[in-house]
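One structure, pasted below without further comment.
Chain nomenclature is as follows: A, B, C, D, E and F, assigned in order of appearance, with residue numbering initiated at 1 for each chain independently.
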Amino acid sequence: MTKTITTERQNRAANELRPLQIIPHFLPQADGSALICCGHTKVICTATIDENVPLFLKDTGRGWITAEYGMLPASANGRMRREAVAGKQSGRTQEIQRIIGRSLRAVIDMEKLGSRQILIDCDVIQADGGTRTASINGAYVALCLAINKLLNSGKISENPIREAVAAISVGIVNNTLFLDLDYPEDSGCEADINIVMSASQKLIEIQGTAEGSPFSVQQLTDLITLAQRGIGQIMQEQQKAIAASTTYLKNKF
Amino acid sequence: MTKTITTERQNRAANELRPLQIIPHFLPQADGSALICCGHTKVICTATIDENVPLFLKDTGRGWITAEYGMLPASANGRMRREAVAGKQSGRTQEIQRIIGRSLRAVIDMEKLGSRQILIDCDVIQADGGTRTASINGAYVALCLAINKLLNSGKISENPIREAVAAISVGIVNNTLFLDLDYPEDSGCEADINIVMSASQKLIEIQGTAEGSPFSVQQLTDLITLAQRGIGQIMQEQQKAIAASTTYLKNKF
Amino acid sequence: MTKTITTERQNRAANELRPLQIIPHFLPQADGSALICCGHTKVICTATIDENVPLFLKDTGRGWITAEYGMLPASANGRMRREAVAGKQSGRTQEIQRIIGRSLRAVIDMEKLGSRQILIDCDVIQADGGTRTASINGAYVALCLAINKLLNSGKISENPIREAVAAISVGIVNNTLFLDLDYPEDSGCEADINIVMSASQKLIEIQGTAEGSPFSVQQLTDLITLAQRGIGQIMQEQQKAIAASTTYLKNKF
Amino acid sequence: MTKTITTERQNRAANELRPLQIIPHFLPQADGSALICCGHTKVICTATIDENVPLFLKDTGRGWITAEYGMLPASANGRMRREAVAGKQSGRTQEIQRIIGRSLRAVIDMEKLGSRQILIDCDVIQADGGTRTASINGAYVALCLAINKLLNSGKISENPIREAVAAISVGIVNNTLFLDLDYPEDSGCEADINIVMSASQKLIEIQGTAEGSPFSVQQLTDLITLAQRGIGQIMQEQQKAIAASTTYLKNKF
Amino acid sequence: MTKTITTERQNRAANELRPLQIIPHFLPQADGSALICCGHTKVICTATIDENVPLFLKDTGRGWITAEYGMLPASANGRMRREAVAGKQSGRTQEIQRIIGRSLRAVIDMEKLGSRQILIDCDVIQADGGTRTASINGAYVALCLAINKLLNSGKISENPIREAVAAISVGIVNNTLFLDLDYPEDSGCEADINIVMSASQKLIEIQGTAEGSPFSVQQLTDLITLAQRGIGQIMQEQQKAIAASTTYLKNKF
Amino acid sequence: MTKTITTERQNRAANELRPLQIIPHFLPQADGSALICCGHTKVICTATIDENVPLFLKDTGRGWITAEYGMLPASANGRMRREAVAGKQSGRTQEIQRIIGRSLRAVIDMEKLGSRQILIDCDVIQADGGTRTASINGAYVALCLAINKLLNSGKISENPIREAVAAISVGIVNNTLFLDLDYPEDSGCEADINIVMSASQKLIEIQGTAEGSPFSVQQLTDLITLAQRGIGQIMQEQQKAIAASTTYLKNKF
C-alpha cells in the first residue's frame, strides 16, 4: 500500500504546493503576459493576438489557440544546447507545447473568440521541475489578459472563456504520494503524472508515466485527489493575478 | 452520467476490440519483427540489436531500448507529407516514439540486457486510429523475438523481460465509453485516453486528452476498467505470436 | 570475352528473374497500390491523385507524375538511419525517386491526364538488391489502378497511358552477364546497369556504372538484350496484376 | 553642420543614457548572471563555465569566451518567429552574438583563464533598441561573476580580466547627435553606430551604418566623444553590480 | 604613437593598394557582372534584375537591392566546407552579405529604381583577405551595368544611383597603419577596420574590430584618412570599368 | 530511322564538339585546378589533397576520391536559388556530384593513392548545357595535377592513375544524332545520354534518359559511336593542359 500523503519532504508537506507567485503584465508590450514562479521554477508566459487564423479555420468564423515553449540555455543546472542553434525543437519541447495548446483550447469557446488566434509563448528562465504545469498555469493568466484586451476594445462582445484551467504534477517518491514535484523529486520518482483540470473539477489532460515502476489504479485515484487539492489553490492565485492586473496597468504606465 | 459500455457501434460492441492479428518474423532480416493488424490499422514493427549503448550509459553495464515511429505517406486517407522530405519529424511523431520507448523500457531489466541497445522501428502502413497503441503491442513482440535471439546465441543468460506490456485506447463517444477507437471514432470523440499496462495490471503510461469535453474522475476509472479487459486479450495474442515464432522460423527458411 | 549468359548462380540461371509477385490494391485506402516482391526485395507502391498541379503547369491543362522513395530503417541488413531523423533524403534516395518519376512520365500523355498530378510513393520494406527497378515495376501497376479510378469515375475520358513501362537490372559478375541482380551480386559486380524499357522495346532510361571495371560496348549490347527478355516477363506479371485488380476489389470490400 | 548634442528628446537630453539597472545573480543556477535593464530594454545574461575548450585550442593551455544571443518571440512589438521553430538563427542574431563574443574576448587574458571556456547567453526579454549593447554590458557582469567563482574556488589564481568593457549606441536623428537610441529613434535615425570601448578609453569594436544618409568623419568623431561619456557611466553601474554581488549571494540563499 | 604610414611591406608601401583589376561583363548571361581582382583576391559579382519586390515593399512603388555572398570551397588555403552541404550559411557569410546589401542601398534612390529588386551575388573564387570590400567594389560595377540595362531598355527613365560607393580595409600591423590588408596581414593585425564611403567622402559603413589590441580614437581618425585615399583610387577603377563596358559588349557578342 | 550524324546546327556540325579550352592551375592555391570552357559552359574544377580518409577506409591503406558540385546562382539564364540559402543541395546536384566521384574513382588505383583522399570541387560559373560532363573532364585535369604534386613531393611513388577518363553528352534532336548538346538542344531533345569512357574506349558510366521519346537500341549504339569520337578529342585537350601545367607554374609565380 502507498503511505499516507502527509510524509515530510524538504521544507514542506508531501501534499503542499511550492510557494506560488504570478506577476501579471510582466512584459507590457505583449497583449497579455505573466511571470509565474513555482518555487525555483520561473516561466515568462505571453499571449499575442493575431487577427489571422490557421488555414484549416479559414472562413469558419472560429478562432484558435496555439502555444510554443522554450527554455533559456542556462535555465537548468548544466547549460542546455540552444534549440535555435541545434536547428530544431526537441521531442520534449514539442510534446510540452502541444499539451499547453490543448489545455487552453479545452476551456475556450472558439465561436466566441471569433476569427483570430492567440499565440501563447512560455519561456522558462529557471527550471526546477514542473515547467510544463507552471507554463499552463501562467499561460492561462496571460490568455485571460489578452482576452480582456479584446473585450475592452470591443473586438469581441462575449467572454470566450468557459471556465478556468490549471495543472499540477503529482508523483510517487519512495512509495509516498507527493504533490508538485521539484526537479530532484521528479528525477528520482517512481511515477510522475501531470494533471490538467478545469474549475469544475473535470480532467482535461492526464499524462502519467512510470518508466521506473508501474503503479496501481488505486494509486492513480489517490494521486488525482491530491492533484485536485493543489489545482484549487492554483486557481485562487490565478484569479488574484487577473484581478490585480487592472491595478497593475493603472500604476505602471 | 455515462451510459453503460455495451452500446453498439459498427459491427462490434462498445467494449469489443477490433480483429487483432500479429504475424511474427514479418521482416526476417531484422533481429525481431512483427506485423500487427488491429482492424484496418497495420504496423510493421522491428527490433534491431546494436552492441553499442548511448553515451550516457557508457561503462555502466546497463542497456537501453529506444524507438522510432513513422507513417507511409499514403497510409492514411489523403496523403501525408513524407517527413524525410519535410526535413523533420512532427511533434506528434516524436511524442509517439517517446511513449513507445518508455513503455518498453518499463518492463525491461537493463542490467540483464547488458551493455547493448535495442532499436525499435514502428512503421505504419495503414492507419485507421490507434497506431500508437498498435505500435507498442507489435513492438513488444518484435522485442521479445530479438531478446530470444540474444538468449539463443548465449549473448545474455537471463531473460531481461520482467513482464509483458500492452496498450489500448479508450474514449468517450456520444457520452458512451468505447474500447479501441478506430479513426472515425477517435476524430469524433469527446475524450481519448491511451493506456499502457503491464501483465500485473499496473499502469505504465496513461495519456488522456479532452480537448473536446473534460471528463470526470469516475469516467476515467470506468475507462481504465474497460482498458484492462482489452489489454488482457491483447496480451494473449502477443503470447500466441511469440510462441508461434519458433515454428515460423523453422518453416520459413 | 564475356561468358555465355547461362552460367549458374544460387538457385537460378544467369538469365533468370527472381520469383516475381505483384499484389494489387495492397493498401486499399490509396487511389492505386501494389505490393511487389522480387525475390526477397519487397516494395509497397502507392499512387495518390491530387487535383492540383505543380506551379509550372498551372493553366496549361496538362498533368504531372512525381515520385518519392523511402526505405524502412530495418529493411536492409544492418539498420539504416531513418531519413526523417537525419533531416534529409540522401543523394541515393533522390536519384532513385527522380528515375521513377521520369520513367513513368515517359509513357503518359499529360494532355489526356488533364490538369492533375499523381503522386507515387515507393517504400521498401525489405531490400535485397534491385529496389529501384522493383519500385518502377510496382509503381506502374499502382499508377494504372489510379488511372482506372479516374476513368471509372469519368474524371478523364481517354486512357493517358501510351504503353507499359518496366525496369530491370543487369550486370557483369565474374565476367558473366547476369539478369536481375540480388544484393550480394550487386555488391560484388564489376558493372551494374539499370534499364527501363517500354512495351515497344525502346529504351526509356539506361543507368550504367562501372566503378569496379569498365565494360565494352559489345558487353553493353549483350546486357541490353538480356534485359529485354526480363522486361518482357515482368510486363506479363504487371498485366496479370492489373487484370486481377477488379476481382480483388470485388472480393475485398 | 550637426547641431549641438544637447537637443531634447522624450524625457531625457540627447546626451543622456536611459535609466540603467543591473541585477547581479539574477539566475542563481548559472555560474554568473545578470539582468540588465536599459530603459525598456531588458536582457538576461548568463555565463556558464565549461571545462572543455574548442578543438582549435586543444592542448594550448589557453581558454575561450563565446556568446549566443536570442530574443523571446514576444519581446518586441509584434511577435517575432521563434528561431528554434524557424530552424535557424537569423543573420542579425549571428552578427550580434559574434560581436558580443569578440568584445568580451578583447579584455580577457586567455592564458590566465586557462584551458576552459565560458559560454555567454544573452536572452532579450523586452526589446526597445540597443539590445546588442545592453547584452555586452550585462554579459561583462555575468562574466566577472563567473570568473570570481573560478578565483574563489582556486581553479585559477590570477584574474584574467585585463580591464572593463562596455558598449553604447550613438546616432544621428534629425541631424542631432543622440546617445543610447531607443527603438523609435533607432528606426528613424539617419546613421547608427555601436561603440564598444575598454576602461582605458580605447576602441574595441565600432559598427556604424548609414543606410539612410552617409555621415562625415567629423560627425563620427563627435559621436565617439558622446559615446565615451555614456560608456564611463555604464562602467560605474557595472562595477556597482559586481561589488553588490557578494552581498546578494549572502542574502539570497 | 603609431608610426608614419609609409612603412614598407611586401612589394608595396603601407599606404598602397594591391594591384586592382575590374573586368566588366565577366558573366554575360547576367544583367550586370564584373570580375574584380585585388591582388590575389578574386570575386565574381553579378546583378540580376527581378521585377518582383519583397513583400514589405509591395504597392509602394519603391525598389530594393539585396546581396548574397559565397566562397568556393577551395578559394582559400585549406578547403572550406561547402555551405550547401553544411545546410546553412555561416554567421560570417551572413554578416558580409548584409553589409554588401546595406552599402549598395545607401547610394540608390529606391523611388527611381521603381518597383523591382536587384539581386547581387558575390562569389569568391580566390581569397587572400579583403573579400568583403572587394565584393562591394565589384558589386557596385555589376549594379551599374544592370541599371544601365534598365535605362537602355527604357524600363526606368532616371538613373537611381546617387553617387558611387567603394570600400577598403585598413588596419594596424606591428603598430603601423596599413591600407588594403592581404590575408597574412589581416590574420596578424592588432585591429582591422572595413570602411565603406561614398564619392562625396562620407561614411556609409565602418566596421572595426580589435580583438587583438584596442586602438585609440586618434588611430581611428588616421586610418580613415588612409582609407579615403584608397577609396578614391578604387572609384577611378570602377569608373573605367563601367566606361569600358559598352566596348566590351560590342566586341564580345 | 535516325538521320546521318552530319546534319548542321548553329555554327557546327552535328558531330562536332563545341570549342574546348582547359586552363590548368586556374586557382593556384588549390593542390590541382583547371578552368574548363566548353562553348559557353565554364566550370572551375579543383582538387584538394586531404591526408585523412573516410571512416570506412580507416586502416586499409587505401585512398578515396569524392566530388562536390555547385552552380553560381547567376550562372544560368534566370538566377537560381543559392543552395546554401535553400539549406540543402538539390537532387540534381547530388546526382551530378555522385557521377563525378564514381567516374574518377573508376580510373584510380586506390592502393597506389595510399591512405588519403582527394576532394574534387566543380563549380559552374557559366552554364549552357553539359555541365556534368565538363565537370568530369576538368576534374580529371585537376586530379592529375594534384597527383603530380603528390608524386613530386615523394608522398607517393607510383602514379595511381590507370588511364584517362572523359565524358560527353549525346542526344537525339529532331530525329538527328547530336554530339555535345548545348542548353537549347538539351532542353528540346527527345533523348539525352551522358557517356563517360576510359582511354581504352570502355564505358565507365552511361546515363540515358528519354522522358520525351524512347529510343531504340540501334540509336543507342550509334550515339555511343558518336560519343567515342568526341571523347577522343577531349582526351587530347586534357593531355595538352596537363603537359602545359609545368610551364604554367614556372611562368606564373
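Going forward, contacts are C-beta pairs under 8 Å (C-beta built on N, C-alpha and C of every residue); 3 or more make two chains touch, one makes a residue touch a chain.
It should be emphasised that the depicted structure is a prediction, and the values quoted were computed from it without experimental measurement.
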item	value
Set of chains adjacent to subunit B and to subunit E	none
Homomeric contact subunit E-subunit F: same or different residue positions, threshold half	same
Chain whose mean Cα position lies farthest from subunit E	B
Greatest separation from subunit D - chain, by CA centre	C
Euclidean distance of C-alpha centroids - subunit A vs subunit E, Å	51
Chain centre separation in whole Å, for subunit F relative to subunit C (CA means)	29
Chain centre separation in whole Å, for subunit D relative to subunit C (CA means)	60
Per-residue overlap in subunit C, given as positions that touch at least 2 other chains	87-89
Sequence of chains encountered when the ring is traversed from subunit A in the direction of subunit B	A, B, C, F, E, D
Sites on subunit F touched by subunit E in the complex	27, 29-30, 33, 40, 44, 46, 48, 50, 68, 70, 72-77, 79, 82-89, 93, 119, 121, 123, 125-126
Residues of subunit F defined as touching subunit C within the complex	88-92, 94-95, 97-98, 102, 105-106, 191, 193, 197-198, 200-212, 214-217, 220-221, 224
